[in-house]
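Read through the structure below, which is laid out as structure tokens, and then see the notes.
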Amino acid sequence: MILTPLDELLLFSGATLLVALILGRGLAAGWMVTILYGGQLLTLIKMAALGYSDTIIHASINFEIMGQSLSWRFDALSWFFALITVASALLSSWFSCGEWERSFKQHGGNIWLYHSAMALNVFTMLILLASGDLLSLFIGWELVSWAGFLLMAMAGGVATRAAMRYITYAMAGGMAVFGGIALVYVAAGSLQYEAILTAVDQMSTTQLWMLVVMFGSGFGIKMGLLPFHLWQAPAYAETPGPGSAFLGAISSRMGLFAILLVLVKLFGIVNIDSLKIPFTLIDARDLLAWIAVFTIILPTFTAMKQNDARHLLAWHGIGQGGYMLLGVVVADAMGGAGGLLHVFNHATYQAALFMAVTAVIHRTGTSDLNKLGGLVVRMPLSFVVLLVGIIGLAGLPPMNGFVSKWLVYRSLLNEGMPLLFLAAVIGTLGTILSVYKLIHNIFLGQLRIEHEQVKEAPWSMMVPMLILAAIIFITGLFPGIPLAWVASVQEVIGLPVTDYTLGGVESVSGSLDMIWVIGVLFAGFGIGAVIFYSAGRSKRVHQLDNYAGGHFLSADVRYQYSDNFYAGLMHLIGGWYRGSFLWLEKSVTSLVDFISLVMQGLYRRANAEFYLLSTALFVIAWVVI
Amino acid sequence: MNEHLMLTIALPLLGAFLLPIIMRSSLAMGVWIGPAILGYGCWILGNLWLHGNGQPFSIAIGGFAPPIGINLYVDAMALLFAFATQLLGLIFWPFRLDQDTPKRQALMLLLVASSTGLALSGDLFNLYVFYELVAVSTFGLIAASSSGAAYVATIRYLILSGIGSVLTLFGIALIYAQTGTLNLAHLAQLAPDQLNNDLGLAAFLAILIGIGVKAELFPVNTWVPEVYATAASRLSAFLAGLVSKLAMLVILRLLLLIFHQPEATQVILILGILGVISGEFAAWRAKDMRRMLAFSSIGQLGVIFIAVALPDERGVLAVLALSLHHMLIKSGLFMLADHWGGSLDRLRGLAATSPLAGGLFVLFALSLVGMPPLPGFWAKFTLITELAGQTDPLYMIGLLVFLLATVIEASYLFRVAAKMYQTKPTENVRINAPDSGGLSLTTASLFGAGLIAVTVMVSPLGEALQAVAAQAQDVDLYIQTVLQQPLGERQ
Amino acid sequence: MSSINQIPVIEAKRGNPLSKVFDELVRFCRSRSLFILHYCTGCGAIELPPAMTSRFDMERLGIQPMVSPRQADILLITGYVSIKTLKRVILTYEQMGSPKYVIGICSCTVNGGMYWQSYATAKKLDEYMPVDLYIAGCMPRPEAVIAGLQQLMNRIQSGEANSWEDYFRNYDYYLGNQQKLFGDNWQTPTDIITEAKHYNLMGEGTFGEHTRLLEQHQKPLEALDMRLGHNLKEPTE
Amino acid sequence: MAPMELILELTLMPLIAFLVGMMMVLMMRRIAAKIQRRVGPPLLQPLYDIVKLHSKRTQISHGLIHDIGIIMAMGGYIAAETLLPVPGMNGIAEKGGIITLLYLMMIPSLGLALGVGQCANPNGSIGIARALTAMLAYDIPLVIVIFGVAYAAGTTNLVDIIAQQQAGGFAAWGAVEMPLLAIAGLIAMHASLGKQPFEIYIAPAEIATGPMVEMSGKYLGGLFVMQCFQLYTTSVLYVSLFLGGGTTWFDFLLKSFLVLAIPVSIAYLFPRYRTEDLLRLMWKWPVMLGLIGVAFVL
Amino acid sequence: MSQEIAHWLDNLLEEIEGIEIRRKSSRRVRVDVPADALPALLELLQGRAGYIHLSAISCVDWIDDEEFELVYHVWSYENHSLVSAHIRIAREPGVYLSVYDLYQPAAFFERDIHEMYGIHFEGSPNMGKFILTEWDGPPPMRKEFDSEAYINEHLSWQEYNPPWLQALIAEGGGVVIPPEEQRFSRKKS
């Protein structure tokens, strides 16, 4: 039987898993796994035709079980996500081999478990992306959440507790999806996409409502949408370095992939739009939009209060997820493109940021923002990578984050949704504030005495970071490249397609051409530099030669402002951090505890039998008379 | 070939009574009699299964024609369960040698014989007799493990099953008064007109509660945690794994053949849902491994009862799939519990000492929770698609409760798994996980291998179960085989 | 990694007419825009607010008060300078960007004034830093202060007010006096010697035995320049 | 867009912006002086300041990022100018709309923030923290205003917006059509200038001019240049959004100076707001006005 | 101060033997007490007479009598009057008892006097440097300290003779007292 490219990809990925399992303990295991990921990327590129047209590649393996047929196939949507997954896996495993591996082993980490967990994650994600019908989608979904659990729980201690919390959420999500699939199966008779497409039109609104709620909440949990977002930050932050880079970049976007596949492609935005919430004027699409917008704002402002760099980034991961959903839910040409492009962009700079923070942890041993400072003189390249990353995360012009946020804003503008537009902008501003706190507390300010001999991260960690930074800038300069893939994805899932150019988006109501904007920006920088360097020569002074109101600065008194960074802002909004969602989660767990207490009491008391039997007799008597 | 069938019940009974005598004379010879009998029983049932023409047949015991005499009805489902009884009896054979080994082995033979009878019997009163035998032998076996708590548990179980059997007798009496016959096939013929009223329903409920004691039905399963926690875990594995399934099989037969009133299925559904809720939530707080497994088995049985409440043929398929899967998993887990024993927090960092046990636990937990490639998922899938298909809102509640139960199950099972894989054991707790009992670990890995084998051959097994379910569902096939068949052959 | 500011800057001092006009413009602008450091050392400072506000507006001369020494050109020493304050004055003076000018207001800066007999005040200010201008008067009136500033502006425009180079050129003399007053291990965080080398303002008086004394006990003050540090061998713990 | 014409515009527009900006700074200081009954600085004072600062003999830098920060600050604004259409020259306004301009105006503040961070002076860091909080405060009403205008005009391209306003004559001016938005825009613009009531982040008394504490010589000169650009950009943006841009140079300059005169004259009458009061004020009035304005527009 | 309060105060003070009272004005009483009776006096005044505010401790250096004079100014808010207790202690050991336990502000006055005169107060919480942090010379307020000699040695005087002044002197005008005699220091040596 001839091997379709998809078969090759899945076999390659399975092979990587096997290699990691068998040779995981060897010294060169890391490099071997990275090369294999490279191979997977090559097979993916071989299927590049998918990215530019809506052809479909079928896998030759399909099963016939219990009356259900399972099949796997790749289309533009899955190709787009697969490309991001394999690329981020390649870069994060490249980052992990070499010196990071050695120090991870020294600190008692299990490198074999790490590599095999990563390979397992990639393999399961490819299976999920390639799912041909709802049942294989669910199988892939469960596998991915369990593989994620493995990767998160391997660091032990705090990580295990965070992973436990994750798995409870993931199981709840999985069961919601399972219920949804059952309902669909009953309504449509079969789980194939084509059958569901036809069946969706006759579905009654209550049935459609049930499905949207079940699928929405199930996939929303994985994406970290608002009511279910509490698990994501600690879980991603506690995973070992490159693992968090991989998870942060792509793992929670699987939820978005599933929402795109089910809610957008199968149910179609127009149907969702028609679902009215009784006696309120908003419908399901607005509800999703508002959830997305609150998911942008609340996690971003929580991130601002974090004192640990990894937690700050993880909270931002949740926030940016809101943008993607917002873009997709607005569902006009630009919004869809914005949301999908944001998936790609976010993957690049989130991975770069996590790697930069891991490099800092690798060298200084801590990621606590109050124990770092002034590292720019000792780790300049990591500073550059972090700077490029935060400009992308904040969505400022030279980097790619700006393009996708611009598209989302333009779509909100065209659709005329002022409050959503305002909320999205508040999210961006919050990101800028907390992102500056990140780079200021780590790289700027006074260098500590103990960090004076710190060296730059080793080249094995630095090269993938620089590659990512380059990708961020290039896709910022030429957004046309990813926009091409995004356009073909839009075609596949039925959203209106944007007409993109290499530089950006062309439209009658105001277009964007990044090549011109960045060209002018760098011209401006050139002119500024000329003005600046035409004046006299400047002399570099020591960090203690600083104005302190006439006071003689000395190394033993730390002259740095980093704790409670936005004191003014916190005076006003400090009171709003009551952790209402944390309270929500606690109330659920205490309810479960209470019920279990009651049930256990039921079984323990001796005279329960008579009480129970009397009820049984009563039932019989009642039936007879 | 089918007359040998009687031997599968007769031989263990004979062995049960002869064993103490043989044991007293020569211990060595006595030790091997039990396993030999059971082995022979498995062999009979095995080749009956292979060579049988797939058609059910009925054997009249003692030559009397069915309406008067007692007959054994053997269709694919009954054969499956009988074979399972013999096999598990062999696996969980109490090999330990101490002063009351003969008593324990004799009771075990008795238990296996009566269980096989329960599976095969076609007569209502015969069922009641075998049910009593099972109850008596379980008392003896639990009491045999001679610990204080065991006695207390036995007494509680004694009271409950006593009341249960009284109720069953009351039900049977009602039926007999109404129809004048006790043969299932004959009853099936008469049921539509005579038992279709309130009296029939009352009779069914009485029998349901009576047999429910053994099937861990909600109101009457308070004995389960005590018994399973205190009895020898090999015995509790056998009880939880198999005997409760047989009792549920009897209820299923009654439901399929005789009682078709909708209220009956509703009552079962409600009790099933309550069983799931109470079982799963109680397991959330369990401190001791075996008690947690006991509660979890109550929950799983509740799920199976929900499946029983499903009217059509796929419902039966769900019941079969779930019960077989639960049998495999629960016995494996009990074996692991025997291998570890004791409270949950002594398991900290245990995966480091015995990785195989840790791996098996995770495998069983994953399958119980319904991780896709494993069979647990397919069993759940059939149940859920069936539940979703019903229009009755009560089934919807059943679906929600079942989904919620899986989430809770996942959280408490994996809390234990996480504790086991805690790489950095806290300093003061010395890892004193008990030395791995060789025997129980091998049996557990046997079940693990069985599970993996089922995973691989899921589709063929699926079809086979479908055929079994179709056959069981077919009422008039049952009547036709039992009644029109000429008087049983001589010899 | 050589930092960018090592690029040679076009030196405008090549005697052709263009550079003469350029120097003329620079001197004119320097005289027309002076920033005073908002730093009151003694009682004379009370005269400055009236000089800046509506009656004697200094802003019409282009003079603005600035807060930090980095931004300021003129350091006003107003009133008596006690030894404690002198330490801070010297530090502030060294933190200012040159060309910088020091104006001693009130007679206390001229010759100790009313506190001539006190053991705690410095009598001769220009021992410790080059002073451009003295404005006598026991608190001179705002007109006097403005007249003094105008005189300074004229000197700047004519190019004579380069006493700040004197601090670099014979730094040893000033350092000697400072060490005589504050003890031998006296050191300010600003590194004047490297600064002199950097802007090649070194005169023959820059080095001497006082600077050698300073070298011995000086804490390292060279700037932390960016380096990857990969080539550094592992520091021996 | 012939490349030659673009290069010409790329150099000419910032130059005009710089000159007009200097005149605006002078006007601001003159108005301040007149309010305080002072004579006020001579005509070319801003030029003198900038030339003097750039001709300082010793320049103190704290590191490469300090230099790059100032370059980014100046460069950012220079680039932002080309996006602002001026009568006769449209620069690259078609290539990016108001949202791009809004983001381009954030680049200088980020560049300044990085430069000040490298100065390793806590006064600077506190100043920057307050500056970013203030940006959070005044950007929200600004965004509402921009949304309103863009939605009313149906496009984010500045050139079209101006063309629409000029086509309709006085009646089609933004201020006339959307008065509430114009007022909200004025308050937001006032806050973005960082002048008196809202200059918490340059508070001279408390944190020694905040971010500018370690800026000497050409660094301070660069910030003075940035201040000129800042005044020019904000006022010209307001003019093109609400007052219909300039048909002729004189009319354009007159409008810009008038628009700037209003906030500046208000500025010197108020003491400084604390950061949280600034936030509370900016989130209360202009946001309310803006939302009502947008409601009308929708 | 009304008559009966003054009268009452007088016979109150009589209890300290060897006390000499001089009423300076209606609200000022000067009291001279032997050195060792001072704490008793202060306790009396604070306890029974309501003099709860120690406004200052001043010190006079009688170099000729080889004695220091310490004056404790105590004020009462009820009867609005100030009592200044004068005591004399020997100059040489220059040690006296601290009144910190009665009046907490005394700590600063005693520390100041210690720095300026070198008197060591037993029991005072902190005898470190107070204002003259850079000063390591002898206590400057003592009479034998010659400020001018110190200046001549450590600091330097401003030689101020600009050209116009020299021309004036050349013509016989100029300053009457030549600069070197302008010093008013009594020390003629």
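Order of writing sets the chain letters: A, B, C, D and E. Residues in each chain are counted from 1.
In this section, a contact is a pair of C-beta atoms (placed from the backbone, for glycine too) under 8 Å apart; a residue touches a chain by one contact, two chains touch by 3 or more.
What you see is a predicted model; the values in this text were computed from it and never measured.
Where touching is counted per the definition, subunit C and subunit E have no chain in common.
Counting only chains that touch, the fewest steps needed to get from subunit B to subunit E is 3.
Common neighbours of subunit A and subunit D (chains touching each): C. Among the remaining chains, the Cα-based centre furthest from that of subunit E is the centre of B.
Ranked by how close its C-alpha mean sits to the mean of all protein C-alpha atoms, the top chain is A.
Measuring from the averaged C-alpha position of subunit D to that of subunit E gives a distance of 62 Å.
With centres set at the average Cα position, the gap from subunit A to subunit E is 76 Å. If you average the Cα atoms of subunit C and of subunit D, the two centres end up 34 Å apart. For this pair, subunit A with subunit B, the centres built from the Cα atoms lie 46 Å apart. Across the assembly, subunit B contributes no residue that touches 2 or more other chains.
Counting partners per residue, subunit A has 374, 376-377, 447, 534-541, 543, 545-547 as the residues that reach two or more other chains.
The multi-chain contact residues of subunit E, meaning those touching 2 or more other chains, do not exist; every residue touches at most one other chain.
Every pair of chains in contact is given here: A-B, A-C, A-D, C-D, C-E.
Every residue of subunit A that touches subunit D in the complex is listed here, in rising order: 374, 376-377, 383, 387, 391, 394-397, 402, 406, 409-410, 413, 416, 418, 421-422, 425-426, 429-430, 432-433, 436, 439-440, 443-447, 503, 508-513, 516-517, 520-529, 531-532, 534-541, 543, 545-549, 559-562, 565-569, 571-572.
Every residue of subunit D that touches subunit A in the complex is listed here, in rising order: 10-11, 14, 54-63, 65, 67, 70-80, 82-83, 91-92, 94-100, 103-104, 106-107, 110, 113-114, 117-123, 125-126, 128-130, 132-133, 135-136, 139-140, 143-144, 147-148, 150-151, 154-157, 160, 200, 208, 213-214, 217-218, 221-222, 225, 274-276, 278-280, 291, 294, 298. Within the complex, the subunit C residues that touch subunit E are 83-84, 87, 110-112, 117-120, 122-124, 127, 180-182.
The part of subunit C that touches subunit D in the complex is made up of residues 3-5, 25-26, 28-30, 32-33, 38, 53-54, 57, 59-60, 62, 66-68, 70-71, 73, 96-99, 195, 199, 223-224, 226. Remark: subunit C residues 1, 3-5, 7, 9-10, 39, 68-70, 87-88, 91-92, 95, 188-191, 194-195, 198-199, 221-230, 232, 235 touch subunit A in the complex.
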